[in-house]
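Both of the next two complexes hold subunit A, though its partner changes from subunit B to subunit C.
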Partner chain A sequence: MISSLRSKNSWINGLLINSQFLSGRKWPAVYFVGHISNDMRREKKLKKSELHLLLMTLPGVIYLVINNYLPMFGIVIAFKKINTSKGIFRSEWNGISNFKFLFRSADAWLITRNTLVYNLVFIFLNIFLGVLFAILLNELWSKTFKKLSQTILILPQIVSMVIVSYMVYAFLSSDNGFINNSILISLGKNKISWYSKARYWPFILVFIQAWKSLGYNVLLFLASVVSIDSSLYESAEIDGASRIKQIRYITIPLLKPAMITLGLLMVGRIFYSDFGLFYQVPMDSGPLYPVTQTIDTYVFRGLSNISNLGMAAAAAFYQSIVGFLVIMTCNTVVKKVDAENALF
Partner chain B sequence: MKKLFSVFLVIGLVFSLVGCGDKPASASESTEAVIEKTETSAEPSSAAPAEGEIKDVYLFTCTFRDVPNSETVANMESKINEIMHPLGVNVHLEYYNVAEFDAEVSRRLASGDRIDLMNAMDYNYAGYLATESILPLNDLLDNYGKDIKAVFGTDFKYMLDGLTFDGTIYGIPQLSAKHTYNYVLINKDLADKYNMDLSAIKTYKDLEPLMLTIKEKEPGVKPIVRSGITFSGTTAACTFNENYEAMSDGVGVLMSDEGYDIVDFYETDEYKEFLDTVHRWYTEGLVSDDIATSGDRVHTYWQTGNAFACIDHTTNYSAENEGKNLTNTYGVNSVVIPISSPVCSNLIYSSVIPRTSQNPEGAMIFLNEMYKNPDLVNTMYYGVEGTDWNMVDGFITGVEGSSAFLNCGTSQPMIWGNYFISSPTAGNDSDSIKKALEYTRSGKGARTLGFLFDTSEVSDEWAAIQSVLSEYQEGLEFGILDPETELPKFINKLKAAGVDDFIAEKQKQLDKWSANK
Partner chain C sequence: MMKKRGKGFQVFAASIMLITCLIIVIPFLLMIISSFTEEKSLLLNGYSFFPEKWSLEAYRYILKSSGIILSSYGYSALVTLTGTILSEGMTVLLAYPLSRKDFFAERFLTVFVFITMLFNGGLVSQYMIYSTIFNIKNTFFAYLVPNLMLSGFYVMIIKNYYTANVPVELIEAARIDGSGEFYTFYKIVLPVARPIVVSMGVLIALSYWNDWTNGLYYVTKPEMYTFQSLLNRMIQQINYLTSGQMMSNAAQTQIPSVSVRMGIAAIGVIPMIIIYPFFQKFFVGGLTAGAIKG
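Moving on, here comes the complex of A and B:
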């Protein structure tokens, strides 16, 4: 029984790695490598037969080094007045003046607020919905239906945001949109010009984000749910615990480490925003900026026409530093409260 | 055995990842083998470097419509290279849609990728100078560009001067009719149906009563459609002020013909008046709610016949001729009514040699041919004769379905070389090119032509201003936002973004420039 569970778990882990390459999210690779090295430590000695398993992490590690570590030298660009003919290292130093434009806008506060609040909502909603659906899926007894639901849930994840934006447009546009022309008119109401009314968009964006990332998050939590030792449930059943009580006292407490890990990793990217979601989905409509402008879109709109490398690098540098500080703070807090579940 | 296999698999994976970044470098080797013996019989130009040696020129250009397919491009390259091989140049063409051209070019230039020759838009020119990404052309022009100098002569010298910065020239302007005027485009069938008096149209405001008629009587027809980023293609054209000079950025502008006092365009009365008018149009239901978001422009709607009016601008020597062209293009009876007089305020397209060029001499040799060789110019503009177009009664007549004729023909004659030596296309008057030359010769340049604003001192203000513009410009200029409440907010945000410093810097540079003039 236990061995079958473990094999199921490892199958899901494998799936995670595949999906991380598909979705471009970087962290599960680290997660996976971390797990392997933990196992290794437990067994003390590296068996020869496992060498090729370790070698299989090599592409992932090389990918990480090339894509995540080597570009770090580019940080100097943020402090330079880049001149393409002189190259990066020979260009003149520019102090902190590349950072000025980030705070030049009258909306600097609004932009920061949008980025932070949206991301906070996304983090809580993603974890909540992910756990909820993972538990619900686990309770399903029909295997076919379970697989079907899982597939339906994961499909939006692989649809590009540009396509999503046109799907949304098909619903919301004034001339041909479904909601305006089929629903509101038949109800005898006036058309709403969605793309110029900012008040609807916080809900639309949150809904789309949740719909799009749900399948992925469910998969992460489902991996943890199925790995819970079934003897716990068996003994709870003997003691007369209902299904709800089993979920409340066994499943959710055992999911806590996964929730914390996932939450911490998301918090690290709290100063980044999904560019597709905030730029493509609202169709870059000006009147919606008060609720759709985030740091990424602001930087894009400011710099896309004037191609200033230094300022773009400064913006990215600012985002990473703040993200780094936030994740360090959160991890320290978690460490104080619940040392076992801290990331490092 | 299994173990060994997996090790190889891993190594294979790693190398397949690493291999991705390589650039196809085979082009340069293979071409040398391709050169045929027959070409040596063609007379080599005196400008060619070493005899028999053929070097590559990688040319980047943008198109306004789709990019021509690879088969077409290969055909054009071989035809162009028939002409260019005797001069020691082998041309590779790379097309990008105008929407992605800037991003592609700046990415390539920043990463040091090779581009030997490309077209530049006027609004990028100052940026290229600030980052020193393009080469000075004085020596190249003296050595390999004699025909270019001869073509510009004295009549068009002001155009060459327009791209000269402190005595150094960095770009060769494309030579065609450069004098722009604004016009109103009207669907003639609809206008005739309701007996409209089109001669009464003198400004964009006169459209309103006509559009109201259309809205009332033809519910399926869009009274007005957009032609560009705003109704009239550029913000510049919105002003309808004869003395307006945008000086590339369009934020700090001249509004009078006396002195050189720059004003903030968005604070002028003309701008407010324009916004009030279009907002009234919007509240009257003349403007579609989707106009800003859908991105569909005049060419999407006009051919269906379900659009009534559009404001645009052109460089055509006669409005009547432009109307005829548009009727041919869209298959809908169209009238063009000018609402301003022609001015050459900028040079829009020019050819530049980036610093990443590995063959600047070859690039200049090719460019020189583009100003004197009609065969080369026709091929570059419309594709290969016999495949993409045929010469019928002295007119270039496109072959049905030719990707080159459709996609290059709508853009390249405005972007590259000397339009005045190309052949007229079908549907034009036989002397249309001669008339265009006269039209251009008679026109004069704007007062600030040749002034380039270097934004490097105010780059953070400029970036912040761009961000504010993208927030308000569309909403205001399509009339969706109410100027009574939103215009003051817009102006305040521009001030917070540092528009005053931006204009002060521009004024300083303009004063210096005008003192040296």
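Moving on, here comes the complex of A and C:
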């Protein structure tokens, strides 16, 4: 690293050479007397500016050490018998028994399955809807309508998942909910107690996720859709291609690289789930756990229940390590496909 | 020219878009209408778009109640303001030296920030560290510090913006004129980066305002609730309104709990919707800055 810095930054080069001059090993100091004072002044000034730059990074660096690096080392807690009064570093080691408990339970499989399957569905749906609505939005001829619909699509992004869960509750509450009281009754059907029937929730959660993130997903593709050269469409038009055909053979192929890259970046996060969506929206309802429990909700629930804390720590460890490996793998692939958009 | 080609498809696009916009707006509408509905007709007919009887009872109750709702609102505002200033400051300051190719620690610190984007210690470890080493439970810092204060992702976005938009010659020229690093940063770099700095500020403020997880993990005292924590607590405990804390001042026999719940959520949303058109530009700018470059 240092050698590359040397060659890259000519003034550092200069600095290093200057210090050689000053040490006087290679040339008699007297010979450079005129230069030394100048160089010394310059060197001092550079050092001061480096120090100032370093100072600028200090608050951020300290924060990252506390918020990110300490927990990275704290991850060893998964191999310990957790004692909350002793804290992470003084709790006693107990080998891999936390992991044994976790992976012997049915939970390990359940939370992995839920996290992965929901995320896969979300990724496909998000890309599909993002592309579709970016194209539709670009198609609108009224500028006002275009602007207004973009504003509305992004609206769910500005509210928290807690507020979303209130909205969902207004629809699904079994006593007062809109669906039970207005729709099902007028259809002559019985009320459904939504918050205890697990089979509906995969659809509800997928719908809410799509509803909330649609605006963002459209933004991801909109720039690419807008930037497509209109002469391509014009010549297709002359050849008699319908609008649908133009989208099929011009727009989609041109968006493909963006779709692949974004997809891979999303896959990189496949071991992480939206805690609010899976915990808050189903109102932490027990009967729904089989379809709402993900790694993140499992770890949180372990925190509030001391007997499960060890397993929660093991699950958090498992998420961190596997999640890291997945990100690295995806990034390697992105780098091959589309080097410019790789994370590093 | 646009109109000539595929009129049919444009009509199709417009109608799909219209339906989708309705689907997006409807939950907001239901919530807001419910908050203006009389409690009795809510209990009778449930949450509905066409209430039998309108009423301001829920809002009257919110104003009269012990003040916990309004104070939580103020607390949220305080957290958001403090958090945004600190977080924005740390982010723009950390990002700047990383954009300076001539800074000796540039590479090391970039990797240092980058690692935090790839790997994290997980909730258990973070929770233990914050609650046992730093003792932030039930303090102001519980809302301020964990996770929200600095995002490696934002640092990278701003760093790339500096690299792309602040010419090295400009910084060089300032140095030759005898300007110190802090002065150069404040007077030259920051003004150039203003658009991205404002956009990031909006994203940061929004994430502080909307955060309820830190409250959930680290705060147990009701008098310390931010607005989102209060909402979170109320939906978990349906009867929270009618019990303990909330009752103390509001000596009412009939508490309109069903409509009040939506009323409180609505006062969380309505101000946001009103100011949203003003910050939309920056918000969208921030979101797209995070999108891929191609």
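Worth pointing out:
We adopt the following convention: the second predicted complex is superposed on the first by the 206 of 344 C-alpha atoms of A that agree within 3 Å, B and C clash if a C-alpha of one lies under 4 Å from a C-alpha of the other, contacts with A are read in each partner's own complex, and residues count from 1 in each chain.
Everything below uses one rule, namely that a residue touches a chain if its C-beta (ideal position, glycine included) is under 8 Å from a C-beta of that chain, and two chains touch if they have at least 3 such contacts.
Just so it is clear, the structure is predicted and the values come from calculations on it, not from any experiment.
For subunit A, the partner touching the most residues, choosing from subunit B and subunit C, is C. In the superposition on chain A, A:Q293 contacts subunit B only, with no contact to subunit C. Touch criterion met: A:R104 reaches subunit B, while subunit C stays clear of it. Of the two partner chains placed around the shared chain by superposition, subunit B and subunit C are both touched by A:L303. Looking at the shared chain after the overlay, A:S182 reaches subunit C, while subunit B stays out of its contact range. Residue contacts after overlaying the shared chain place A:Y169 against subunit B and subunit C alike. In the superposed model, A:Y200 makes contact with neither subunit B nor subunit C.
By the touch criterion stated above, A:Y63 is placed in contact with subunit B and with subunit C alike. When both complexes are overlaid on chain A, the residue A:S285 reaches subunit B alone and has no touch with subunit C.
In the superposition on chain A, A:F317 makes contact with subunit C only, not with subunit B. Overlap of the subunit B and subunit C interfaces on subunit A: residues 49, 52, 56, 59, 63, 82, 84, 169, 173, 175, 283-284, 302-303, 309. Taken together, the subunit B residues at the contact with subunit A in this complex read 3, 6-7, 10, 13-14, 17, 102-103, 106, 109-110, 112, 123, 127, 131-133, 288-290, 292-294, 355, 455-456, 459-464, 466-468, 470-475, 480-481, 492-493, 496-498. Put simply, subunit A touches subunit B in their complex at residues 49, 51-52, 55-56, 58-59, 62-63, 81-86, 97-98, 100-101, 104-107, 169, 173-175, 191, 193, 195-196, 283-287, 289, 293, 298, 301-309, 311. On subunit A, the positions that touch subunit C within their shared complex are 1, 5, 8-9, 11-12, 48-50, 52-54, 56-57, 59-61, 63-64, 66-75, 77-78, 82, 84, 87-88, 133, 135-137, 139-142, 145, 148-171, 173, 175-178, 180-182, 211, 214, 216, 219-220, 223-224, 233, 237, 242-244, 246, 257-258, 261-262, 265, 275-276, 280, 283-284, 296, 299-300, 302-303, 309, 312-313, 316-317, 319-320, 323-324, 327-328, 338, 340-341, 343-344.
Within the complex formed with subunit A, the residues of subunit C that make contact are 2-3, 5-6, 8-10, 13-14, 16-18, 20-21, 23-25, 27-28, 30-31, 34, 42-43, 45-49, 89-91, 93-94, 96-98, 100-105, 107-109, 112-129, 131-134, 145-147, 149-150, 152, 155, 175, 180-182, 185, 206, 209-213, 217, 228, 231-232, 235-236, 258, 261-262, 265, 268-269, 272-273, 276-277, 280, 283-284, 287-288, 291-294.
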